[in-house]
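Shared chain: chain A. Partners: chain B in the first complex, chain C in the second.
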Partner chain A sequence: MATTYRNCPRTGLQFDTAAEKLMRWNAVVGVVFLLVGGIMALFVILTRWPSVKLLPADQFYLVLTAHGVDMLLVWIIFFEMAVLYFCSSTLLRCRLATPKWAWVQFWLMLVGAAIGNYAVLAGESSVMFTSYAPMMASPLFYLGLILFAVGALIGCFVFLGTLVVAKNERTYEGSIPLVTFGALTACIIAIFTIASGAVILIPTFLWSVGILKEIDALMYRVIWWGMGHSSQQINVSAHVAIWYAIAAIAVGAKPLSEKVSRFAYFLYILFLQLACAHHLLSDPGLGSSWKVLNTSYFMYFAVMASMIHGFTVPGAIEAAQRAKGYNNGLFEWLRKAPWGSPAFSGMFISLVSFGFLGGISGVVLGTEQLNMLMHNTFYVPGHFHATVVSGTTLAFMALTYFLVPVLFKRELIAPKLCALQPYVFGISMGVLSLVMMGAGTLGVSRRHWDMAFSGAPFQYEWPGAAYLMMGLTGIFGVIAVIGGAMFCLLIVGSLLWGKKLDEGKVTTERTPFPPNTVAANVSGHGDAEHASVPGTVVLAMLLLVSFVLYYFVNWKYLSEVWGLS
Partner chain B sequence: MAEDNEIPFMQRVLDNHFLLLFLGIAVPTVLYIIWGIMEIIAIPVAK
Partner chain C sequence: MSAILPPADRLWWKQPIGKQEWMWIGLAFTWAMIMFVMMIYWHINGKQNLSTETYKSTPEMFAAKAEKFIAENTVRTETDQNIPVVKANDKGEVYLTASLWKWWPILELEKGKTYKVHLFSMDYNHGFSLQPTNINIQVVPGYEHVVKMTPTQSGTFAIVCNEFCGIGHHSMLGRIYVK
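Now for the complex of A and B:
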């Protein structure tokens, strides 16, 4: 059957109709699991809030497991499949390689996610996202994760196959677009992630059904984190690609230097996964050389890459805005940015939160000595809510506001609420991450359902500030859940009741992207013409000063842990 | 071939997607997984 393409009249993008359907289904299922994970988040928050303490311990660990799996794996990887198909087939203007295998990807992931959720909700797999051996879950839990991972692996190969199709059919000239290169980085990290997952989850499954006698707990942790942390590095690459895409869509931004941005992605490919080691910095079975080289040397190349992206994305926006004439002072370009567009505001809040909160706390956690201050405390989920939720989830939400009219051909309902949602979600999630990190710094444990240890023979007297931080965690957590619920309602409402938009022509012919359209901006090459970006330099200096101060404050805390006299 | 030589080395590396795939798997596999497993295997067994 001949490939057909739909020309979007609003953006100039050209969609392979088979790929378009897959993008829609992957994105929709992703949002459904976001809703499930969000409901679980409410129960988690209302239990960790000391004055509420909603659920008993067994139910708390059940909902915490479902929350972790659905949010950190299911929602995000389903959405990333949609992003991979968009960045390959749509941005390279070519047919999707093997759509039938792409459907196998979709169904395997869906069946895997459903089995995994069933195993957790049935109450026999409350092992949390990390599922550390020798805690054993039901075999269905591991089977669900394995099926989900195999599906995602097939999706990665469909993406790589589509790059080959585009190259053979010469649908692009020179290098692939920067946004597609970011998606390629995410795909490569995903393949490492899934391979690590297979190496550890298949034996764990065999152990759970009684074929293997035991799983070495330390070996499990090392290899599991190759999957557990790398899966979040897929997110970093994907959301940075989305930052570049939305900057191009919203203000027509071009990177300050495409070469430098591509090199930063190359650093991600080589070094980003090594950050997995920061989960094992307190494990006595692993030597300091392995720990320090992986986290404090090699990982800094990846940190440098994030700082490059963190500079070049706002820099590209500033350059584009200044080229339009917003040249007054340091920040007119920022004031006059399209803050009423949820795609832009979501992207920019994601960028700032990821850099200031997630990035700085990540480097602190990745320093072996400082890690001792907050290892396995509430600081850790504070850090990854800043990276994965404020960073990745908010960037995906921002892209969804762009995709509803383009991919689903529906007008957004309640545009004022849509404009408000990224602020409600982004700001509350930013504050939530901060107060979680504050509680963790005071020693509140990462996972214990009751920080007061009620009924324990030896009581621990927490400082009042720890309870304050946990109370604030409850308040801002509930606001963040409201922000997430707004997103789900607005998007589902738009798909069901939004005004239908013109679909555009469907043809069998591929045509070049029309100039001066969103399609041309996102898939184009070249650097920004207005290279002077003083406002971004000031923002970058602010980040650097914040980082240096925070880093040394933590060294001071560390020096107070043990007296030297 | 002459055309290829005009493309800078780094760009040729970055345009070779399967080389990037190899590097992206090999580097963390060696530095993180294999080295980590060697560390664990080197732990003396308790007597």
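Now for the complex of A and C:
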């Protein structure tokens, strides 16, 4: 069957029609699992809200496991498959390598996710997303995850194959676009992640069916986190790529410097996965120097990379806005940004939340000694709701708003609600992560059904402030669930009932990068290099000052606890 | 030169980097080094560093030591479950066992003294979370972790289990008295 291409009349992007179908299906299934995970989130939040406490303990741990698996793995990786295909075949204007294998990816992941969900919902596998051995889930749980991971691995190789196709067929000149480079970073990290997953999940599966006798509990933790944390590093790379993409699409931003941005990605490839150690800082059996070197991504080089992206993304937006004449004062460029476009607002809220809330808290949490103040407390989910939800999920939502007319050829329904949704979701999720971290600072445990310890031989009364924080967690959690539900309804509604848009011409001829479209116009106009970005400098300094203060406040806290040596 | 298109300048790596970016890269690098050195500094001068003294062990081996310790050092029992309240032995050692779903026994320590706390899990992963002080240590089955602790406040402290360990997880509450 010959490859056919469709030129989007609105953006000038060219889609391989086979790849396009795959992107649509991966994204749609991702959103369906987002919906499932969101329903679970509502049950989780209504149970942890002390004055509501909806579910009994067994059901609580069941929905919490499902929430973790569906959100952290299924929704995000399905969406990332769509992103990988988009960043390769669409951005490089070439055909997708082996679409048939890409369908194998899709079906394996779908079957794996379905089996995994069945195993959890059947009640035999309430072991949390981390499934620490020797706590055993049903074999189906591990089997589902393995099938899912194999599917994702195939997707990674389809992406790499497509890069080769583009190179061989000379569909672009020079280097791949920055966004594709970011996707490549995500892909490389994904392969490491899946390899770690295979190394630990396959023996664990064999153990669950009785073939292996024992899985060492500490070894399990070390290798499992090679998958568990690295899978979140795929997200970081992917959503930073999406920030650059949306900045380019929404305001025509050009990277301040290709060299700096690509170098920052390169640091991700080298160092980001070492962060698996973040979860092992309060473990026995691992040496201090191992902990220090790994938890700091070998001297914080990946943190440096994120700080660079945190500067260059808003910097690129500022330069583009100033070039349009928004030059008054420090922040006119920001005030006059397209805040009514959900793609832009979602992206910007994602950027700010990830930097200020997720980034800073992550580094503090990942400092060897400071970790003892927060390990396994509610601070941990507080932190990763700021990174994975406010950061990744919100960036993916923002990109989806852009993709509905382009990829699905539908107009968004209820544009005012669409414009509102990133604010509802982003702000409530930001506050939610803050109050969760607040509760964690006061010691409240994560994955814990009952703050009142019913059935314990004696009592411990949490401070009143902890109950206040948990109450606020309940309130803002429910608002965040509403924000998430708005997204699912608006997107599904648009796909079903949105006005059909002109899909453009479908031909068997590949067209090169066209000169006169929105997407292409932002290139070739000289350079944004050395544009002055004073507003971004101020924002970046604000981040650094908050970072330094919060970092040392925590050392102060640590110096006040019992002596440990 | 848009991020979604190939760089317009094929020799993009030859373009100089702007001043503001250099400044930020410099600041980020400096901050990274400060944070890295801070952890090492705390190992030298800080008073809160987690011990790495760990032994592979089995439930039988640890239980034998822990039961002997309890038998020799119990000062009284508390609650209707008769949980022993145990003082440190003359070497300043205490044994604390985590199992489904209890911390055993209750410990009685003195402020300002340094103890070697032997932590062990008989079954699943558990989490030693000392409240309201807020010190959190992972307890991994198969590994006996010897943590040196120096209480700095007196009072009654709770040990919350903060690693999910099954249906009774929330009822797993231990106690430490500090005089």
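Everything that follows uses one rule, which is that the second predicted complex is superposed on the first by the 548 of 565 C-alpha atoms of A that agree within 3 Å, B and C clash if a C-alpha of one lies under 4 Å from a C-alpha of the other, contacts with A are read in each partner's own complex, and residues count from 1 in each chain.
Just so it is clear, a contact is a pair of C-beta atoms (placed from the backbone, for glycine too) under 8 Å apart; a residue touches a chain by one contact, two chains touch by 3 or more.
Given the structure is predicted, the values throughout are model-derived calculations rather than measurements.
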A:Gly285 contacts which: chain B (first), chain C (second), both, neither? both
Report for A:Val260: first if it touches chain B alone, second if chain C alone, otherwise both or neither. second
Looking at the overlay, does A:Leu351 come into contact with chain B only (first), chain C only (second), both, or neither? neither
Quick one: is A:Glu173 in contact with chain B, with chain C, with both, or with neither? Answer first, second, both or neither. second
Just to be sure I read the superposition right, which of the two partners does A:Pro134 touch: chain B = first, chain C = second, or both, or neither? second
Check the residue A:Asp216 against both partner chains and state whether it touches chain B (first), chain C (second), both, or neither. both
Can A:Phe192 be said to touch chain B (first), chain C (second), both, or neither? first
Thinking of the overlay built on chain A, is A:Leu184 touched by chain B (first), by chain C (second), by both, or by neither? first
On chain A, which partner touches more residues: chain B or chain C? C
Using the superposition described at the top, list the residues of chain A that contact chain B and also contact chain C. 175-176, 216, 218, 259, 280, 285-287
Residues of chain A touching chain B in the complex: 160, 163, 175-176, 181, 184-185, 188-189, 191-192, 195-196, 199, 216, 218-219, 222-223, 226, 230, 259, 262-263, 266, 269-271, 273-274, 276-277, 280, 285-287, 290, 293-294, 298
Which residues of chain C touch chain A in the complex? 1-10, 12-13, 15-21, 23-25, 27-29, 31-33, 35-36, 38-40, 42-43, 46-52, 54, 79, 81, 83, 102, 114, 119, 123-125, 127, 129-145, 147-153, 158, 160-173, 175
Okay, in this complex, where on chain A does chain C touch? 57-58, 61, 91, 128, 132, 134-135, 172-179, 216-218, 221, 244-245, 247-249, 252-261, 280-288, 292, 296, 299-301, 303-304, 307-308, 311-312, 315-316, 363, 367-369, 371-377, 441-443, 445-450, 453-460, 462-463, 513, 519-520, 522-524, 527-533, 536-537, 540, 544, 547-548, 551, 555, 558-565
Interface with chain A, chain B side, in the complex: residues 10-11, 13-15, 17-18, 20-21, 23-25, 27-29, 31-33, 35-37, 39-40, 43
